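In what follows, a single structure is set out as structure tokens and then discussed.
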Amino acid sequence: MELLIKNGAVYDPVNGIAGDRADISIKDGKIVEKVSSGASVIDAGGRLVMAGGVDAHSHIAGAKVNLGRLMRPEDSRIGLKSRTKITRVYSGYTVPNVFAMGYRYAQMGYTTVFEAAQAIMKARHTHEELEEIPIIDKGALTLFGSNWPTMDYVREKNLDKLAAYVAWGLLASRGFGVKVVNPGGGEMWGFGKNVTSLDDVVPNFDVTPAQIIVSLMKANEMLRLPHSVHLHCNNLGKPGNYKTTLASMELAKQIKPAKDRQVLHVTHLTFNAWGGTNWGDFESKADEIANYLNNSDNVTTDMGQLIFGSATTMTADGPVQYANAKLLHAKWGNGDVELEDASGVVPIFYAKQISIHAIMWAIGLELALLTKDPYKVLLTTDHPNGGPFVNYPEVIALLMSNKKRQEEIKTLHEAVHKRTKIPGIERELDFNDIAIMTRAGPAKVLGLLDTKGHLGVGADADVAIYDIKPDQIDPSVEYAKIKSAFQSAAYTIKGGEVVVKDGQITATPMGRTFWVDATVPEEQTEIMMKDIRMKFKNYYSINLANYMVQDAYVTHPKVVKAGAIPVKVS
Amino acid sequence: MTLKVTLITGRTISQGVNLENKTSSDYMEATASCELNTKDIELLGKPKYVKIRTEYGDVVVKLKENSSNPSGIAFIPMGPWANAVVDPDTKGCGMPGFKGIPAEIDATENKVLLLKELMARYKQ
Amino acid sequence: MQTVTIKPRKEIRISVEAENISPDKFAGKTEKEILSMEAWMGNQKTTLGELFSVKVDGSGAAADTKIVMDGDFSRIKRIGEGMTAGLIMIKGNVDMHLGAKMSGGKISVTGNVDSWAGREMKGGELIIEGNAGYYLGAGYRGETCGMRGGKITVLGSALDFVGEHMCGGEIIVKGNTGILPGLSNNGGKIVIEGNTSRPGSEMAKGTIIVNGTVDEMMPVFKVEGTETIDGVTYRKYTGDVIVNGKGVLYVK
Amino acid sequence: MNVITDALCPFCGCLCDDITVVVEDNKIIEAKHACMLGSAKILGHCRLGGNNIETHHTIKEPMTRVDKNSNFKEVSYDEAINEAAEILAKSKRPLLYGWASASCEVHKKGLLLAEELGAIIDNTASVCHGPTGLATHEKGSPSATLGQIKNRADVIVFWGCNPVQAHPRHMGRYSSFARGFFSEKGRKGRKIIVLDVRKTDTAKMADEYVEIQQGSDYLVISALRAILSGHADVVPASVGGVLKDQLVKVVETLKTAKFGAIFFGMGLTQSKSRYKNIDNAVSLTFDLNSFTKFVITPMRGHYNVTGFNQVCTWETGFTTAVDFSRGLPYYNPGETAANDVLNRNEVDAAMVIAADAAAHFPANSVRRLAKMPLVQIDPHWSATTEIANVVIPTAICGIEVEGTAYRMDGVSLRLRKMIEPTHLTDEEVLERITQRVKELRGE
């Protein structure tokens, strides 16, 4: 099957194309040099063409997402759409059903999305949902930060075992990368407590969060994993936490990357670039974080942009969620996973006139606008923590238009003037920046730049065409047009197939699931497995034989090879 | 005499063991019964069978002794016999009244209906 | 002034969803237009005309529209849903969700109404001469607020969960109510002339007045002595203490 | 002889995964580690296995009958499937009920059929832990996997549940007797509190038994919460038949736990106040977390009743009792659950699959089912068979077919196939019914 996209105003930062008219040739799901005259043709007519969007951090599948749905029938009753001959039913806004999840991403021109947290023991559930999300390619990051084997090996300073465990854990969970959430805190939440700094000692395991982070970064690089360690910092959700965030970033300096990428991705900064000492003097410290990023090359971040209105917070950070539920008098979901991690789900409503929310809104934007290199700040809302992913076009419009920001600021609590820098920031991002923050950047951060995030030959034929003519629009002024165009792609092409036309779903192919198969020397795995077998015998409530995600749950796998020993090419 | 009780239904192990064995006498033995404590049984005159009546119907089951029941609590294992007398109202939340139904119990000479007979009643 | 008279054409077993029966929807419409309006019976799309005879006199805006319904509507759901103005007068019984989300106007019913009457009501008035079902003036699953405003009067009795999650407005039940009226009440007023049980659990704000007897009191209220309202002396309670509630419960 | 280790027991919500099954000539001759319930299921009722085959009645061939009082006629799968499709396609308010004894893969097919038909789809949680879902909508669900409880819990509460009878291996594997990392003393290191309306076998094993007057659980929970929040003064001397002194003692035990777990059953979900009991118990758990760590977990009955709720939630946004009649999913138990619509006599055709509605619904609902066109899909002859028109036997999930099931704590596991099936699977039958419905509708 061949397809030619003619006359696009192409933004492809990886290949140095910034708005030039170019044709994109597609054959058998890949971008190729050229196609035959028999190819079908889409005339982009000067409209904006980008690679399919890539989201490196979103909560789209698994136990806590489904708990969010279960807790919130009031959310599921909005966004409803009947089935058609092509599509299943849609439901939900902050916690959409699996079908709406895939359709809505595709409708925005996104083609690849990564679920940001799964416990190994609950990974089967994650994959059951991923299997039902239509169209998009996906993958899931696996939690390691409070796992007992992790902490044992960190304490023993046994990096070989740690690397073997990480490799095995990725296989067991069919995971893509190493997620670390409030390291050590998940274990402490097992008895209702938490760590408060990078140097607190986790009782019974005798390790600190800093040691966990550093060791996992080392293991990650030993394994040459495509993605770096993906960190949700300690003290998230607490005023003054920017110091912990900076200290965590600083740890990355000890590590050399094994690949051309960061060694640490620090996620959803909206929730951990906080100054002040309490809710009264709470303020943004996004400028400090941006300043750090501007002077460092081994750390990347994402915004976790806040969107006013309804959101559902969900995270493996169990203790912060209990604190939130208490503070908000909200319903509370908690999901401790034996020997592994915690999690919590709490609904929230972000209001413009609540000072804390107004400041948080500013943090994500400040971070993106004050950090010079857009490759270092990915566009996310930490769906659905900062707000649902369907609001990405709103974020794009805010980043591209100071006028829009200033109008929004007028409607917000006055704290946004005193305790953030956003009112004075004039920078407006251009289409190239946006293409980086939503395509090239996430693909690079994930280590998938070979096939994702760009339109060069050999890339996956994932393309979005938006109803904007870049040479005829002033995003600064016409931000409403920008927003609506990004909400509803003129075309989304996934693996060479037109899946969206004029914002409507036209086909629902099954996407692939990326996971990483990292090899370590067999004997290393065998030594590590002795410990694992002991843990299953004594502590897990299921048998080892039933633990690993079976092939039946990953029917369209895309296996990325990695490993501590050279991979044999077959 | 007529014994006034609060009726509850619930699982038992033999009800569970015979869950996929509904046509057997074992299942009937496991579920077509009513448990009362010794004192209540004596009040009824220690009959073999009892008829249970509620606002919603009546059913004949075998009487069994269970000393752990407080006086005035009658327990019937969940199943077709219990369901002949439970409250069909779902109280606005989908759940019928399987527990806490006011009931009257009398000794009876009538026989316990077989599952087939019980179901046949519903087809009339 | 527009008057729309609706009568059932046939006995209905499978409940019909007829949110189109509302002054807002009927205002300025002709008989023919109303007859062709959509309704759903189970999974079948149908029209009001298939189910009802409709007579229209005059024409007017919603506020000047009166809907007179005569007959058995006990399988017609969602009458007057979301209405903002006008009048619905029902001689007969009606099904669930009567006047759900209504914000203005008035609905009166001579018979009984099924559950969720006045669900998430914001304003207007609902008068029920017969009995009401469960969740009178309550909310939807998972929402934090039920009724927010307006007034509901039931001359008969109501079942469980009257005014659950109520955040405002007023509910008066002349007869008895089932258990847990005013559960999680967060504002508004509930008056029960008859008997009830377990009132005011988890109430944070709002007022509940019981003129009959309380079968079972929740063990979560502070006794505050007595207070006289309109010449009637009540035992006054405040709570629910568990949620540091500022709700007030008066029991005669 | 074939030995399958680490097999899952497809009976109760414990979903024990340590069963060793011995198979000979496609017959299961042994099921090591299984409890009485599990053995009965795996051995006794398996179509080809076990010693009880003569007494245990499975359905051999598809069967139909026009008149419910006449005898069944054995027919081909095609005929039965066609008839089932015709009944469902014609219906204005079809109900698809059951799903507890089937895998998640079956649930997915069922939800697709429900969408296609514009049906109401509901599972057995409706008469079991449906109220637990309703409480989750109100207050959430502070829970944990069972291993977390096994490793840490020093206080365990069983409220309105009787694991000795209903979940025989629960106390050994996950709760009272289980040993773990921080609980190497097992039972000796734990306090067990049982609250119930009668002294069940579980209550007899407790350190503290609190006998509640039937229907008063809600009041008792509120009293515990009031005491916990420092308002013991407003609590009367006796609540729900329990003396205040005992309640105060219980609160002291709860709040001084290092890790506490509450397990609850139908004693809460089915008693007066229904889901509000759970709502209140979740709040008690919430409140206790201000003092220590506490979690709460429902004792789910069937091995995969939880799985249906999971699949239904991720596919529709709602946990069960979903009404697709207007194309959009609509959810409101009290209005859309199986017994709501049956009690109101709204349903005009039904399909019961992997459950026995006729045995577990109140008489009034069964009477309705008995008088409408009724399709049953199940391996076993049950009360529902007695009132069905079309009966389609299928392979037994978890014994003859593999697939996914969710344990009571939401951990998903893969069911094993122990022996070869002799019948079509539920998935195949549902797929074919859906296909036939589409054809009948000209799609």
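Going by the order they are written in, the chains are A, B, C and D; count residues from 1 in each one.
We adopt the following convention: contacts are C-beta pairs under 8 Å (C-beta built on N, C-alpha and C of every residue); 3 or more make two chains touch, one makes a residue touch a chain.
Quick caveat: nothing in here was measured; it's all calculated off a predicted structure.
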> What chain lies closest to the overall centre, CA atoms only?
Replying inline: D
> More contacting C-beta pairs: A-D or C-D?
Replying inline: A-D
>> Using Cα averages as centroids, what's the distance between chain A and chain D in whole Å?
In response: 35
> Between chain A and chain B, what is the separation of their C-alpha centroids in Å?
Replying inline: 56
>> Centroid from C-alpha atoms only, then distance chain B to chain C, rounded to Å. What do you get?
In response: 38
>> Which positions in chain B are in touch with at least two other chains?
In response: 91-93
> Do you know which chain C residues sit against two or more other chains?
Replying inline: 115, 134-135, 140-142
> Out of chain D, which residues touch more than one other chain, so two or more?
Replying inline: 134, 137-138, 272, 324, 326, 331, 333-334
> According to the definition of touch, which chains form touching pairs?
Replying inline: A-C, A-D, B-C, B-D, C-D
>> Help me check something: in the complex, which residues belonging to chain B touch chain D?
In response: 6, 8, 10-13, 16-24, 26, 56-57, 66, 68-70, 73, 75, 78-80, 83-100, 115-116, 118-120, 122-123
> Which chain A residues qualify as touching chain C in the complex?
Replying inline: 71-75, 77
> Along chain C, where are the residues that touch chain B in the complex?
Replying inline: 115, 133-135, 159-161
> Can you name the residues of chain C that touch chain D in the complex?
Replying inline: 13-15, 17, 40-44, 96, 115-116, 134-135, 140-142, 179-180, 183, 198, 201-202, 216, 218-223, 239-242
> Along chain D, where are the residues that touch chain C in the complex?
Replying inline: 91-94, 117-119, 134, 137-138, 216, 218-219, 222-223, 225-226, 229, 231, 234-236, 239, 272-273, 276, 280, 283, 287, 324-326, 331-335, 344-346, 348
